[in-house]
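Here chain A shows up in two complexes: once beside chain B, once beside chain C.
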Partner chain A sequence: MGLIQVANSLIASGSEVQSVKLESCITTDDVYMLVGNNIIVGGAGGICDIQPLVDSTIDTTSNIDIAWINLNSSGSFQKFGNANQDIWRVTDGMNLTPYATNFIMYLYNWNSSSEYAFITMEVTSHNGSNLRGYQQGGVKTETTSFNGVEIHTNQTGGGGFQAGTQFTLYKVV
Partner chain B sequence: MSNEFGYIPESPEQSFGNNKGIFTPTDIYDLTRADKYTNYGQLELIETQTGTDVATVDFTAIKETEYNVHFMTFNNMQSANDNIEVTQIQLYENGVLETASVYQLARQNCSTVSFAENRTTGSDAMKLLGGSGNQANEKQCGYAYFYNLGDSAKYSFCTFHMETWTSDPYFFAGFGSALLPQASTVNGIRVKTNGGNIATFTISLYGIKEYS
Partner chain C sequence: MSNLRLINETLVTSAVSTVSVTDVFSADFDIYKVTCENFSNSTGAQNIDLKFINASGSVITSSEYDWAYLRLNDYASFTEARNTNDTNWENFWGKDDSASGETQNAVAYFFNPYSSSSYTFGLVQSSNALNSQLQGIKGIGVLTETSSVTGFQIVFNSYASNNGKIRTYGLRVDS
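So, the complex of A and B:
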């Protein structure tokens, strides 16, 4: 397996944002790998969600089906499946440093205009109380050709994603 | 009008993102090793260790200042003793191995006979999977990602997916995440068992390089 970096966003101090778009970087039918590293926000609580892009436009159609298991270190694991939602959720337990969220998300068929777009995602995070890890699979049941990805949080503290938060997209070759 | 069409200076300054000239394979090899050849993002092999009959396998040159995310693969992992966990992880903080019961773990076990949750906030290691056997074909394999190891201000995280043929025998897999909840610089990774030697192993550590 090899990786070719096709997009990168490292949040700098003074440039905190609630939304990051990696645009026009999915250009082939290869599998892509999105790495979210050291994701932190300016206040406790809040979500981190992902949606596909066509150029700079977010596809908000509610046709994403998912299944995930929430593995945490101090309570029963939660299993959840849902149909027709409009996002892939990384976590709903964002927090301040040194707590953080990290994930690896593989993207399948995102460039295709004839196949559904699939994802697998593995998440490890600390929400301030305990370790939370998610394993998730999902599909967007439309055959749109997506060429980018958008990551956002609803946490407004400090402007959203804090300095050091990084999203990098690789093509898997 | 320039008279230098097609002319390449003898020794143009080379740097990442600013290469000039025509390169031979040797040039590319040398520049890549010097991190001066433009090649956006790679899965870079740091080290592979393979062998037999050792108590532990240590990775002590993990290039934690170069990579935010590390990727480790495990293959042909087998213990000398029966029903032993052969992929337990401990981390070195500034060269000091953390062996206290401070690791957190959340793992979903899956097998052909049952499913179970494994969780703890006080483990002495990141235990990536349960026991496997020491007979032929009773091996463990899988992978793990590590996050923020080199950041002294951050906790060190891990996600993993492992599988094995157990001593019973049946297929057994586990996936989940783990954490060392201490803001510290991790500069080494130890792989160990919970009893006796590692009989066989092939472990590779990669860095996932990124360019900001």
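So, the complex of A and C:
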């Protein structure tokens, strides 16, 4: 398997943000791999969510179906499924360094105008209390051709995603 | 050129109780992919664990390994396992066995092992045949210390393993 980088965003000190857009980088029917590395925020708590883009516009239609199991080091694993939501959730347990979140997310058919957009996602993170991470599958039940991805947090401390947080998108070849 | 760069290939060709893959994590990459293929032994089914190796070349044995996994079984309900403050990531690589054709196979990702300011995180998926059964691991782990990690050790829990291949890749990010 080869990986060709098509987009990257590394948060720099002084440029903390709550939203990152990787725009106009999904341009073929190939599989893409989105990597979130060392995702940290400026305050304990908060979520990290993902939505698809058409150019710079977020598709907020509530037609995302998901199912996940939450692996964790503190107790029984939670299983969850839901239909018609508007985001893919990476985690709801953001925290300050060194309690980071990391994930690998594969994107299938995102650029297709005839197929639904699917994802698989694996997360490994620490929320300050315990190790946890979703093993997740999902689908957006529309045939829009997406060409980018947006990642955001609702954590406002320090401006959101902190320096060192990185999102990189690769085409799988 | 692919952003996935092969750093090291280690072959197991004789009986060993551990395999140390050293000096593979560096400042060149933040994320690493490791594949393990075809571990097998001559005695029976066993767990295969993971420990990290620090910049001094020493195996990290402190009680700072947290882990959790879901084991998918073809013969029974799926199994949950977890621990905190352990001395390794238990069963991280899955299991191997001695019967013909019954081997262990896995792919893992490690995040920021070389960093001296971040914890080292891991993801793994494995598929293993043993006792005429199939088991698969979906697991995660964290080493809750910020020491710089430069390698890892594969620990065969009960018996020496005598076959296998480990490949370590770096995932390059172009700025």
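Simple rule for what comes next: the second predicted complex is superposed on the first by the 173 of 173 C-alpha atoms of A that agree within 3 Å, B and C clash if a C-alpha of one lies under 4 Å from a C-alpha of the other, contacts with A are read in each partner's own complex, and residues count from 1 in each chain.
FYI, a residue touches a chain if its C-beta (ideal position, glycine included) is under 8 Å from a C-beta of that chain, and two chains touch if they have at least 3 such contacts.
Keep in mind the model is a prediction, meaning the values are calculated, not measured.
On the superposed chain A, the two partners chain B and chain C do not both fit; they clash. In the superposition on chain A, A:Ile64 makes contact with neither chain B nor chain C. Applying the stated contact rule after C-alpha superposition, one finds that A:Gly2 touches each of chain B and chain C.
In the superposed model, A:Asn72 lies in contact with both chain B and chain C. By the document's definition of touching, neither partner reaches A:Ile87: not chain B, not chain C.
Look at A:Val35: by the touch rule set out above, it reaches both chain B and chain C.
In the superposition on chain A, contact is made by A:His126 with both chain B and chain C.
With both structures placed on the common chain, the touch criterion links A:Cys48 to neither chain B nor chain C.
Once both structures are placed on chain A, chain A residues 1-5, 8, 10, 35, 37-38, 69, 71-77, 97-100, 102, 104, 122-126, 130-133, 135, 166, 168, 170 are touched by chain B and, in the other complex, by chain C. Every residue of chain A that touches chain C in the complex is listed here, in rising order: 1-5, 8, 10, 35, 37-38, 69, 71-77, 97-100, 102, 104, 122-126, 130-133, 135, 164, 166, 168, 170, 173. Of all the residues in chain C, the ones that touch chain A in their complex are 2-4, 30-31, 66-70, 80, 82-84, 109, 111-112, 115, 117-119, 121-123, 125, 138-142, 144, 146, 171-175.
Against chain B, in their complex, chain A makes its touches with residues 1-6, 8, 10, 35, 37-38, 69, 71-77, 97-100, 102-104, 122-126, 130-133, 135, 166, 168, 170.
Within the complex formed with chain A, the residues of chain B that make contact are 40-43, 68-69, 104-108, 117, 119-121, 145, 147-148, 151, 153-155, 157-159, 161, 175-179, 181, 183, 208-212.
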